[in-house]
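A, B and C are the chain letters, set down in written order, and residue numbers restart from 1 in every chain.
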Amino acid sequence: MANKASKPTDALIGHDAWNIQLDKNGNLKHFLTTEGLGSDMLTRILDTAESFANVNEKSVKKVPLLRGKTIVNLFFEASTRTRTTFELAAKRLSADVLNINISTSATSKGETLLDTLKNIQAMHCDMFVVRHSDSGAAHFIANNVAPDISVINAGDGSHAHPTQAMLDMFTIRRRKGHDFGALRVAIVGDVMHSRVARSQIHALNTLNTGEVRVIAPRTLIPVDIEDMGVNVFYDLQNGIADADVVIMLRLQKERMQGAMLPSEQEFYHLYGMTEERLQVARPDAIVMHPGPINRGVEIDSSVADGPRSVILDQVSYGIAVRMAVMTMTLGREKENREPEDAR
Amino acid sequence: MANKASKPTDALIGHDAWNIQLDKNGNLKHFLTTEGLGSDMLTRILDTAESFANVNEKSVKKVPLLRGKTIVNLFFEASTRTRTTFELAAKRLSADVLNINISTSATSKGETLLDTLKNIQAMHCDMFVVRHSDSGAAHFIANNVAPDISVINAGDGSHAHPTQAMLDMFTIRRRKGHDFGALRVAIVGDVMHSRVARSQIHALNTLNTGEVRVIAPRTLIPVDIEDMGVNVFYDLQNGIADADVVIMLRLQKERMQGAMLPSEQEFYHLYGMTEERLQVARPDAIVMHPGPINRGVEIDSSVADGPRSVILDQVSYGIAVRMAVMTMTLGREKENREPEDAR
Amino acid sequence: MANKASKPTDALIGHDAWNIQLDKNGNLKHFLTTEGLGSDMLTRILDTAESFANVNEKSVKKVPLLRGKTIVNLFFEASTRTRTTFELAAKRLSADVLNINISTSATSKGETLLDTLKNIQAMHCDMFVVRHSDSGAAHFIANNVAPDISVINAGDGSHAHPTQAMLDMFTIRRRKGHDFGALRVAIVGDVMHSRVARSQIHALNTLNTGEVRVIAPRTLIPVDIEDMGVNVFYDLQNGIADADVVIMLRLQKERMQGAMLPSEQEFYHLYGMTEERLQVARPDAIVMHPGPINRGVEIDSSVADGPRSVILDQVSYGIAVRMAVMTMTLGREKENREPEDAR
């Protein structure tokens, strides 16, 4: 029952591994997981993102905060969408960006991962944005690179995807206000394989969300999920009743192992979000999805494109949240923000 | 006989589709086709390109006109050459460039094209440069993206390749002067499958070219081509007699369907351009080709590398023309052009 | 016995081909090989790199020396590592960088190499960084591009890899001082297939190194190697006795043809560098390797990660050396170096 993909997490990360995210002054140095960070820090990330969201909404978008810095996208797992958001965030901060697809490069020459990392860090890079199919990979890298390099986790196995979780928190705060305590949030779908869900639950708990629910078939719920302080529902209608926020998860077809799920049709029949089913949620409920969406599997097009959907807002805010994390981990969030083209 | 590849054009584009290229003030908003634009607009593009061609010819090449803008190369069909010219043009305008090869990314995860587009536009991009194997794709995208995003067609199926056509017009004007009415232009080769030829014919007509001829075997001439106001020739020597400009088309081997063409050898035998055949053209005739050239198929090396060839000038001017279209569609062509490295 | 891969060298490069590296004022125009350049020029490269190494070691890393210049990475042979170092060097000089992988682009459409080159140069690029599996390719390109384009050889077949050799010289000078005459340098491994070794030997000789030794099995030593002024050893211990610098070469598995080498295990048994074997070298000897290292084949991990290893320093200095060569070939090494983010 235990998620095979998450096994390395325990070994690699351990109980206090998240401490490495902060420097000795309590500032953010790496951003590997939402777990273990206090509400002050999460709120600071959201507030910093707020300043960049304003920048994003005007025509002037580029600021020189990270001019002269080198950010390396280290993608061990292909993801054009995620890589693009980090690349855009970096460029709008005036950083230089290197895209390195590791699977097709050095390691194919027989070099070890550690040798590859040490080589790239020897080139005086400032930040690694890491995507990897193994849980714990970003922690491993943060533990093994030079002290002056910041690591941002862009998704590791089924472990964590903290920037996605923070853009979700940002979206909720923009739509529902700053009092998370007044909110009931329902997370629907493949919780088992979802690094997004794990990072969301940690962030929602830290921000003192009123109630966090997960809704899925038994085979897609991790056995220890209730230890995370969430209420488990196997029935969709019961689960989203009176919810203020409904977060649909992507059915990670490529991560499904064996026959835990009968078919996409059956999933849609039982858990697919439709306008009709959404009636039991709060009238002003918002519907979220990390994308890319599987229309007609976890969500109906009428919902995805409907008035309650904030799915594309999530994408927009994602740039601002990544700009926030990048400047904070490099200690530059208080620097000059005079736009590039006004100089 | 009708070109199968162009079928979607009719459905997707329609009779007045080109109107979407202009905003309510009559300025260029998208650049999808040379069709439907007036001679004033085409001349404005050429004049703007002229200013960048000057920039290109000096050592100082970079201007801050599009600083802070994000330009996305959306290539659904691989073309390093075309992508490179747009990337260079964007960088010389100081824009940020994202290269996204769609075939290998989101759509492989089952996402629809429209979802992919909406996601990228949610990242606050300013321009999509689109290359697609389907005719009408650029129009479809322009019709379906946010009002503040400009779309430039970098080639769609057998429909249009307007920046190529405009760099050809630019080359002709530089060599033959501003009076297109005095010119006889002969287009030789696979007109049937050529988006370049279609865009050239529209532009030449709009600029009131004296005579436009197309020369090809019957199987490579669209049935309705004479409706476009061109004279059709099946014999090369008759067709290029007294021509001021001879434009060779690339034999689109990868687009040839079935047995419309016996062999490359036979094509060269009947339509390949040689020094000897070129004797019947005007003594000061120029020879053009959109590249990449098939030496010994549609053109002999002695012509391609000879004194009348302006093929490499076309490539140079292509950067200037793309810079012109990019600044015009973003309404920045009258802004500060102080070079970057003089600041 | 003769290295098949180096055959084209003789035909393409010839006896005085390196003269094309200098312009009529004796300044560096291309950087194709360390052969034929005087010690003044090599020292000038090292001194210029020294200024950039200082830049690299501070937090401010970006200088505007090549702002507005376009540098094209023309890689006919994939090498993420090498491409990355050149891309980083170019970006830290504020140049625009285009990465073009030729094998997957134009030439697959049947275009000749020369046509591809002429097209790219028509786009007004300033520099080609060339990597190719054929010896002599960089010279061929330098001989055939426009006079105002500089060519830097990033490795051609088994012929030369001059920037690697110069970063090695830089590393030696930093650790052992400016008097190469006092040094005994031992190069160990697959000399036969190594472009790195050839370029190192030329550079070491020009800098008047006290003694240069090569150590390898007979099958991996070129027949004419002693003509290059080196002493040949077949026994590792004899070869590295009293050496000040030990340079391990990478076992180029992908370049090995036929059965010149019994097995990796046997190579390690006879020539693999271990702490124990290193005892016969000078007590303060340094160990170098161009990377990526094959642990347990040509070098033991205890040596690679040990106190005498300068392998990662080589990588760091590699950026500075490439910045030096780029600015020198474009005649910009004496320009303003005010850092970007102080403006």
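Please note the rule applied: a residue touches a chain if its C-beta (ideal position, glycine included) is under 8 Å from a C-beta of that chain, and two chains touch if they have at least 3 such contacts.
A quick note: this is a predicted structure, and the numbers were derived from the prediction, not measured.
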| item | value |
| --- | --- |
| Equivalent interface positions on chain A and chain B, same or different at half | different |
| Fitted rotation between chain A and its twin chain C in degrees, CA, nearest 5 | 120 |
| Chain centre separation in whole Å, for chain B relative to chain A (CA means) | 41 |
| Residues of chain B whose C-beta touches two or more other chains | none |
| Of all residues in chain B, those that touch chain C in their complex | 56-57, 59-62, 78, 80-81, 84-85, 87-88, 91-92, 253, 291-295, 312-313, 315-316, 318-319, 339-341 |
| List of chain B residues in touch with chain A within their complex | 64, 67-68, 70, 96, 98, 100-101, 104-106, 109-112, 115-116, 118-120, 122-125 |
